[in-house]
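Each of the two complexes below includes chain A, the first together with chain B, the second together with chain C.
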Partner chain A sequence: MNRDTSLAQAAPRGGPRAAGSRAAGLRWPALAVVAAIAALPLGFDSPFYIHLAVLVCLNVFIVSGLALVTRSGQLSLCHAAFVGIGAYVSVLAEMRLGWPFLAACALGTASAALVAFLLGSAILRLRGVYFVLITFAFGELFRLSLLESAPLTGGANGIANVPAVNLLGMALDTRKSFYCLAALLALAALGFLVALFRTPRGHALDAVGEHPELAEASGLSVRRSQLFAFTLGSAMAGLGGVLLSHYVGYISPESFSAQVSIAAIIMLVVGGRLAVAGPLIGALIMTPLPELFRGAVQSQNIFYGVTLILILRFLPQGIASLRILRRLAEGDNR
Partner chain B sequence: MTALLQVQGLCKTFGGLKAVRDLSFEVREGEIVGLIGPNGAGKSTAFNLISGALRPTAGSVRFGGREIAGLAPSRVVQHGLARTFQSASVYGAATVRENLFRGAISKLGVPFAGQLLGTAAYRRRLDEIDDEIDAVLDITGLQAVREHRAGELAYGYQKRLGVAIGLATRPRLLLLDEPAAGLNPEECAEFGRLLQRVRTHYGLTLLFVEHHMALVMGTCERIVVLVQGQKIAEGGPDAIRGNPAVVEAYLGVPQHAEA
Partner chain C sequence: MDISFLIGQALTNGLIVGLLYLLMAIGFTLVFGVMRIANFAHGEFYMLGAFIAFVGVVQLGLPYIVAVLAAFVLTLLLGWLLEAAILKPFRGDELNGLIATLGLGMIIQNLALMAFGPDPQSMPPTAEGVVAVGDIVMPLSRLYVVVFSAVVLLLLYGFLMHTRGGRALRAVVQDMEIAAAQGIRSHVVYPMGFALGVALAAIAGALMAPVFSVSPFIGAAPLFKAFIVVVLGGLGSIGGAVLASLLLGIAESLGSTFFDGSTADMLIFALVILVLVVRPTGLMGRAER
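And then the complex of A and B:
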């Protein structure tokens, strides 16, 4: 039950009282504007633009999951692996076992959550660079085992002809119909994160992310908070992977490499890692840009690097920290 | 009356080093007790063993009749034993009020689903916590800076905020790690008065590890002296001041800056 549409800087500025109050969150005009913007791509004629809009939405969803993990103070370099777990498990359940889409989707998401829970239980005691390195290793392990188990996964050839999303007999096989689903999910993810970071559980995640020793000394279990964030964030990646695979229609191990994890981190950092709107802004900017550089594939990475350096130098909190954006999002809150 | 905190036969060994050896003492409800000793006497180790940050090699720590040795610090806090840090430990990016709210969360007692849905029980608890936070802000003198970012406060205020966060967890016993470190004499005296005020208002029990003799002698009712991991004396401030073993321990080692 989230009626709040404030997207930027989820850290409540009105203090805990505002965090709990519902009335302050009612901002229907803002909701209408967001809905109108979200509906805009439906008017596009060019399939390419709709395709981009779909990718933006899926990225918003996936990067929001990553944002949850980083807010709790850990940086995961295997986010793409969880996208991959969702994708492979759902595709295999559907194509090999003949499961209906919704069941396969639930299985894919649950698998990502379960693996994240088990992995997190084992490695969340590590901090900082050690956690990053272990998650990187796990991501590589996942990719290599996909390559090795060719009879099941098709190895490097991947799996082609993945059927389109089918919701209770209704196939979302056109770009526009799929966009509706992707946009709804992206908005739901943003809404959920806004609501989450207004609850004490969300405040606890911020506390753990900002100062783990102090949080632990004030009765907030660092392990439990981080495990919660890691499991939930990775489950979001899994669901994003289910949708991505059924939209693109093809999956291969390379779609879930460390490079993809890093791209997600870049989107988050560019957008703003401490704001719920960060993934939205990051996905909006970073998803279409490589397409502009199609002609110069070689320089894509240089471009990525330069953008990242500029952002980190001038906007360490990401674009969401720009004052004008904060004002827009907070609006009548003042 | 049984003691609130009972430390019995506590030992901690790091490799070959015996940091704490067979330490036993008690803290009764409502007391202010100081744990003192020269540098390297094992005060901080003892402190960390009690608060749960370290697991003892042997011995027991009972709080309110319950064994707490080896529990995670967050669990210890939920039993009613909170700690503060030596350096000012606050959430710098959050407001003073938000800092206290984060301290109060562990005692919320509403499941996540209830929080997300905003149930009546959850809103009632939020209001109660709000009142508690207001009371803590008043008593610690932080009401005027409640909406300031904690990281922008002066050091003395940050130390006070550290105590306030501990109070927000609604403890029965507050462990203070060198509360006077980094404070000037004036701030230090004010800090001592704050501790007295807090104790009277909340009926709180205080145990602190300290270097600063004036604060210890002026505030504590009972003092435990540690030297090389062992308790060498225990008693009231006057008895401790006149204890030859304590005098020797303090004068027999190089002069301490704060002592």
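And then the complex of A and C:
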């Protein structure tokens, strides 16, 4: 993978790593502030705003999984397929086999992890571009096979009337109750990534993503690190898919197409690839946008494309790399 | 039905489809070779080529061959412009360049949606009737596709092998720095490589427009096939692209004769993964970098 150019652009601000790690170091006090803000939507009366808040939380969770993969130096273009695997496996286990929600949820997440592990074992030896092309092809193939196996998956019609999340006999069938779960999970994902990137394992991921040859030469296994990130990140996508399907109540192959994977990449790039806060910022900005363009999908997509190119050109590490945001994330401790 | 007849027919169809994939894949691999960018907007240029042919023939009443030429020239200019205006900062930057082409593809596709609407439109066939060789039957319009693609590929071969511009392109594909040291001007070669690559995709689109229908969404399938071809053949290798696209065309055609469509697709995907596990650089790719 070639990150050299983007790092070179960050270099004047004090060494190649400084910009990345500083942006990445979302401190605990900042996390507490985020938690406080996360409690705000509970005071909203409008169901629509709560709905948006739920979608933001789910997107934070799913895009955090993608961020994990990206930080290890690979770009996955089938992230939506793993969201879809989690969604379809859990919904089918619940509706066809009558499994309880928690078991179906575990099965959905585990299936996404397993598929990612197998696919990753085969293709992570390849150079970055091959990985991107193969994941794109895999995502398309996944969507096609959903369409073709209509007796099981309902084909293009999808599956409707998915039951709400049911935790140990407590159904989270209102927007606010589901929001509590989604917000907790989004916070847990952010906290987990902050913690992970302080461990040797996390440092290894960063090292591999930044300079694979150097990492390999210092005794880190590039392939193992990337396989770990790809499996874990895709499992997060799977869990996100389980929740999304049970919240929306309806799944169809089009909800997991390449466009959705690309939308996740846009959120990540706009928010910031190397910062734990990146998915949060990206999801906060990009999730409500379709409401501004209501009914004008085409101008919305053109806007997405233009934004993507402008951000890549002028702010390659995303909004999280803006100096003012980095200061905020670090708190006043310097 | 006779099995040898079935196989013969499948081989013929496979050859036609394979040539189409080849046009797509050579353009893709050329762009990658020059700019180190996997161009995810490549399929949209196929779509633009198809629409230029459609507008030229149906709305302006041009002869078909003129419309195909127009598709080539217009996308060549557009590609040159887009490279210089948008992709220039991303030259050689694999990851950001790739993401930028995702954005570019979205913009082109949605502009086409605004201009032409989402419904598929059809174009009159270029020729009526069929050609029969023995038992094997081929519609004349598809024979046109074969002849046109073969001519384009021969011209491309001549250009790459025997002209100054072609030699400069190949030199850049092999090693940018050494090429620059020999006085090859990068500000011409980069846009030329990109423009030529996407114009080849546009020719493929223009050739297929009379065979299939035309809509803003038609770019996705050929892009997908181009990926499979370049992965199978080795990214950046033109010889590998030739071999892999003919193999893929024939395998698909045989596959869909004996299995249903998506099973064939899945078998091919499994085959590609298998090839990559055995030969990570593709059939004819160089081990590099």
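The working rule: the second predicted complex is superposed on the first by the 299 of 334 C-alpha atoms of A that agree within 3 Å, B and C clash if a C-alpha of one lies under 4 Å from a C-alpha of the other, contacts with A are read in each partner's own complex, and residues count from 1 in each chain.
Convention: contacts are C-beta pairs under 8 Å (C-beta built on N, C-alpha and C of every residue); 3 or more make two chains touch, one makes a residue touch a chain.
Remember, it's a predicted structure, so these values are computed and weren't measured experimentally.
Participant: According to the stated criteria, A:96 is in contact with first (chain B), second (chain C), both, or neither; which is it?
Facilitator: A:96 sits against neither chain B nor chain C.
Participant: Answer with first, second, both or neither: which of chain B and chain C does A:210 touch in the superposed model?
Facilitator: After superposing on A, A:210 lies in contact with chain B but is clear of chain C.
Participant: Counting residues of chain A touched by each partner, does chain B or chain C come out ahead?
Facilitator: With both complexes superposed on chain A, more residues of chain A are touched by C.
Participant: Does the superposition put A:221 against chain B (first), chain C (second), both, or neither?
Facilitator: First partner only, chain B.
Participant: Let me test your reading of the model: by the given contact rule, A:138 touches which partner, first (chain B), second (chain C), both or neither?
Facilitator: Only chain C is touched by A:138; chain B is not.
Participant: Can you list the residues of chain A that touch chain B in one structure and chain C in the other?
Facilitator: Of chain A, residues 1 contact chain B in one complex and chain C in the other.
Participant: Quick one: in the complex, what on chain C touches chain A?
Facilitator: Spelled out, the residues of chain C in touch with chain A are 32, 36, 38, 40, 86, 89-90, 92-96, 98-100, 102-107, 109-111, 113-114, 220, 224, 227-228, 230-231, 235, 262, 265-266, 269, 272-273, 276-277, 280, 289.
Participant: Can you list the residues on chain B that touch chain A in the complex?
Facilitator: Where chain B meets chain A, its residues are 51, 72-75, 77-78, 82-85, 89-95, 97-98, 101-103, 105-108, 110, 112, 115-118, 122-123, 126, 129-130, 133, 146-147, 165-166, 168-169.
Participant: Which residues, counting only chain A, touch chain C once they are in their complex?
Facilitator: By the definition above, chain A touches chain C via 1-6, 75, 122-123, 125-130, 132-134, 136-138, 140-141, 144-145, 147-148, 258, 262, 265-266, 269, 297-299, 301-302, 304-309, 312-313, 316.
Participant: Could you pull out which chain A residues touch chain B in their complex?
Facilitator: For this pair, the touching residues of chain A are 1, 11-12, 15-17, 19-20, 22, 195-196, 199-201, 203-204, 206-207, 210-211, 213-223.
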